[in-house]
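Questions regarding the structure given below will be posed in turn.
A, B, C and D label the chains in the order they appear, each numbered from 1.
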Amino acid sequence: MAIRNPFRNNKVKETDDLGFGTRITGDRDRLIAKDGSYNVLRVGNWSWSPYQDLVEMPWSKFFLVVIAYFVASNLFFAVLLNLVGIDCLSGVKHGTWLENFQQAWFFSVQTFTTVGYGSISPSCISTNFVAAAIALFGLMSAALATGLLFVRFSKPTSQLVFSKNAIITPYQGGLSFQFRVANKRNSRLINLDVKLTMSWVDTNPDGTRQRRFSRLKLERDKVVMLPLNWNIVHPIDEESPFWERTPADLQEMNVEVIVLIEAFDESFSQIIFANGSYCDEEILYGVKWKPMYHADPSGSGKTVLELGLIDEVVSIG
Amino acid sequence: MAIRNPFRNNKVKETDDLGFGTRITGDRDRLIAKDGSYNVLRVGNWSWSPYQDLVEMPWSKFFLVVIAYFVASNLFFAVLLNLVGIDCLSGVKHGTWLENFQQAWFFSVQTFTTVGYGSISPSCISTNFVAAAIALFGLMSAALATGLLFVRFSKPTSQLVFSKNAIITPYQGGLSFQFRVANKRNSRLINLDVKLTMSWVDTNPDGTRQRRFSRLKLERDKVVMLPLNWNIVHPIDEESPFWERTPADLQEMNVEVIVLIEAFDESFSQIIFANGSYCDEEILYGVKWKPMYHADPSGSGKTVLELGLIDEVVSIG
Amino acid sequence: MAIRNPFRNNKVKETDDLGFGTRITGDRDRLIAKDGSYNVLRVGNWSWSPYQDLVEMPWSKFFLVVIAYFVASNLFFAVLLNLVGIDCLSGVKHGTWLENFQQAWFFSVQTFTTVGYGSISPSCISTNFVAAAIALFGLMSAALATGLLFVRFSKPTSQLVFSKNAIITPYQGGLSFQFRVANKRNSRLINLDVKLTMSWVDTNPDGTRQRRFSRLKLERDKVVMLPLNWNIVHPIDEESPFWERTPADLQEMNVEVIVLIEAFDESFSQIIFANGSYCDEEILYGVKWKPMYHADPSGSGKTVLELGLIDEVVSIG
Amino acid sequence: MAIRNPFRNNKVKETDDLGFGTRITGDRDRLIAKDGSYNVLRVGNWSWSPYQDLVEMPWSKFFLVVIAYFVASNLFFAVLLNLVGIDCLSGVKHGTWLENFQQAWFFSVQTFTTVGYGSISPSCISTNFVAAAIALFGLMSAALATGLLFVRFSKPTSQLVFSKNAIITPYQGGLSFQFRVANKRNSRLINLDVKLTMSWVDTNPDGTRQRRFSRLKLERDKVVMLPLNWNIVHPIDEESPFWERTPADLQEMNVEVIVLIEAFDESFSQIIFANGSYCDEEILYGVKWKPMYHADPSGSGKTVLELGLIDEVVSIG
């Protein structure tokens, strides 16, 4: 195989294994999925964080969980009230066990939410104590549910959009690897910092295969603001692992370029991170970017940024 | 044109494009508006963040949104209650559809806010379920509204005040570009850090025009506290893009000096950022700053900082 | 005067003016008060931050404000209810205007807090609308009051205790300026960083007096944890502004050593800052520190840190 | 004693005392307990932080405190209502003092939680004022309790798991000290940074014993992500305090390797810290790590990380 050990004799420095390790688990597996998540499954005594789960699940599932919790808690208290004595709730109209149960559930809901109409109210010591417990439990539950709701609502959503493809394109007399990002929202991102690492599979002299990593140098790895788009440029020089590689080489090496962007989101007052990755089949050749911004034709004096153009390239030569 | 390519042969280093790019979209457009916002319009599939919008809109609009949401939600539930059966609300005095509707709306409000007087209360299974839904929906809505209210209230407001003009004034035997900032509030700002970038328009040999950027070196770019005012000084030496420029040159170059200040606000326990910019017509010549602080004449032993004097300059020579 | 211009001919580097400026406003004024606050008065169009005020006022004042706000808001609504028509509140026992007013106030309170007993309830459209407004206003007000209460409660309180005096004491064959700090709480402070700046008053050749500043070098300016006490040591070498100064010199120079400590409080998950300052009359000579920690005599294997000993020194020689 | 003063003549640099000081309080005491807490007892006027205590106590104790506070507050108000006049609560059925007291307690609970059924309601001015106070007090108390509940729930729990033992094992032709960590949760840890400090006890020429510290150099002290496990490697070269030490030496020196890991938890949007320590008896020899990850045999294309294997070593040679 021609590219066994491709960089062992040149100037490519292997660095920073990104925490992915170098043992090969499967040649054609991505390390970072296209949505930015890690391609890793955690087994054994891993620990579950209900908070994280509740914050990261989709909205529809979150509301289902809240409603299920609300219904189930009050079912439990309705059972308890029936056991303690439905007669001890004044305002309840005696009926079948189902009707009694329904009314106990409604009373529980009215207490849990602290609405407390009073059309049903506790009339014995026993039910008064149960009602006190329901109210306290309801206050605590509401704190969790509404706190989670607000954390979800105020969490900075993924706002950095990456170009679907990267390109290899002329740059200052040589070649460069480029992709671009933009902010989908009108928020202010400040102090952006990008790190690029190339990962590829290499065959050792003994025939075993190993993943290797090399940090890619950038023309600029920090910008202080991101009002428009940011074209991230890795110049392909002698120290680059792209140096003198053909598209076929890159495919055989199972190349993946892993991106980590860090920034401060001023609107949300939080540090945000964005992950991305480009595999060899997502690299285009012989093209350059189509500009994404221009003066506002209506003469407002503003610059117009067209987010829909982020993936657009034009053929060169 | 005389200043085509003004710095190509001297020591000015072009740096850091600030994320604004170098393509000219319109010669006389500011990059940063006087209020610190970017002069950019985002089109295409940009994404709207209701949270950011609700946090950043004016107070009057925020309260209008809250009230509209409150009225509309309860209108919806009032319709639902009328559909389900107004007869199933005990305490309702039957009347015209409008009177029924009004009473349903009041009942909805009493449930939504969890007040629950009980003068109107649900008496059937159907209305009891609707009431449970209203109470749950109300709790969640209140969480959003009150959470947003508190985030707005506890957000550090713009507290750094910039002098309206910058000046070019003698400094250590040469000239310097200066402006000053002060903290309008009695809060403690810590670890302040300022970055200054000059942007100007340049004509390429092929006649196309391009925006250029250069970071300005400062006499001091960090202070640990800001008890008084801070006079930010860029000494104009050979490496400065101001070197040997006349006011007419600066105007023709369409100069804009862009300021980014970062600090930690101890009272709010948050990192804050402040943006500003000075265009060529906001630079004064032949003046120096009037001091802003003096000993307290009442003899309290304190230093008095007069914020009203921040824009004041005195003529020199 | 002997010490006019004390460091002009030696190796002391003037640095970092700390944001206090160099104009003298009064010779014997401290820059930093003993409690860590700035000795500065802000006048002119400074801006008031109700949030900061409410978070930083004493607890007693905070509760007074909350109670006053609560009473006053409901007074306002009681007036409104009386204007709209007390007859439209069912359950009110008609009486003198004072009795009517009291009952309106109680109804307002019951609505504002969303208790809503129902013993008084709105019976007309007008009072129903007022009640809806009170409930909405009450929810928003409660959000502010309880949010502020929680921010106050969860704010890291001043936990770093400084020794009352600094000492000048032998160190590695020379002298050193030392003080010590400890954590009063059982919380974990991480990545502590200290900055020391000496400030003194100097007379210029033209007779004007000026404040000067010099950063003091430290034997160690960072520690990763603070389980015990930290003895902060500035070795007095040729570059130190203390070099060859007598106590009388320091007094004449009106010396103040300003301390800024930054740390991460893991329990509160916040960055904290602590300010302190030592004036010339707070410096002791001919003493060394008494150790603050020892093994637990009960044999628990723990180290015992005695916080009461932080100010204790023992005479040397 | 052979190893008195072991490193005085070689290249080991003593550094950073970690804030533990160098005075020996007891030879065989750990500085950092196995759970990461400091082995220090704070006496004298240390200050208690109720917030920290309430956030860090176990869940069972927290709920006991909340329930005790709830019961006790309402007991106090029940006493007050009885003193003011139980007759002024309409709906109370007169009975023994115990029955009266119980009903006053229930009324207090209904007001405190803002349920307010209305089956009992205040009918005089005095009880109306008490009820207003209870409601206000209840709102404030609920804010504290629910705020604390949410802070506890949303606090990043200890998720970094350390291998139980460290190993001394061959590495690049020499030896190395190694341990490994992994993330127990599916959260994203970013920008991890590890600091290792070795502490040992040394005998001075005058016979006094002193704790010494030396920072250990690492093959890599930062990774940007932690999708799999991280094997932390200290190569034992001439500058290492492990250089040419036998297991018996390490035991006599009472060695403790102290670990501090800092990372950003993206799910919780907070900086987290993890502490660990390895004493001489926790170091294994003649072993190497068993790999913790492999390709998913089900062919999902994912890498499987087996957390249960973190302590597993295999014998070498």
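Definition applied: a residue touches a chain if its C-beta (ideal position, glycine included) is under 8 Å from a C-beta of that chain, and two chains touch if they have at least 3 such contacts.
Nothing here was measured: the structure is a model prediction, and the numbers come from that model.
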Winner on C-beta contact pairs when A-C is weighed against A-D: A-D
Angle (degrees, nearest 5) of the CA superposition of subunit A onto subunit B: 90
Same-site or different-site touching of subunit C by its copy subunit D, using the half cut: different
Cα-centroid distance, subunit A relative to subunit D, in whole angstrom: 27
Inter-chain centre distance, subunit A versus subunit C - centres from mean C-alpha coordinates, in Å: 38
Junction residues of subunit A - those touching two or more other chains: 110, 114-118, 142, 147
Touch-based graph of the chains, sorted into line, ring, star, complete or other: complete
Complex interface listing, subunit C residues touching subunit D: 66-67, 70, 102, 106, 109-110, 113-119, 142, 145-147, 149-150, 153-154, 157, 159, 183-188, 190-192, 220, 223-230, 264, 266-269, 291, 293-296, 300-309
Contact footprint of subunit B on subunit C as seen in their complex: 16-21, 23, 25-26, 28-31, 38-52, 55-56, 90, 110-111, 114-118, 121-123, 125, 128, 131-132, 135-136, 138-140, 142-144, 147, 151, 155, 195, 197, 260, 262, 270-271, 273
Parts of subunit B lying in touch with subunit D, wherever the complex brings them together: 114, 116-118
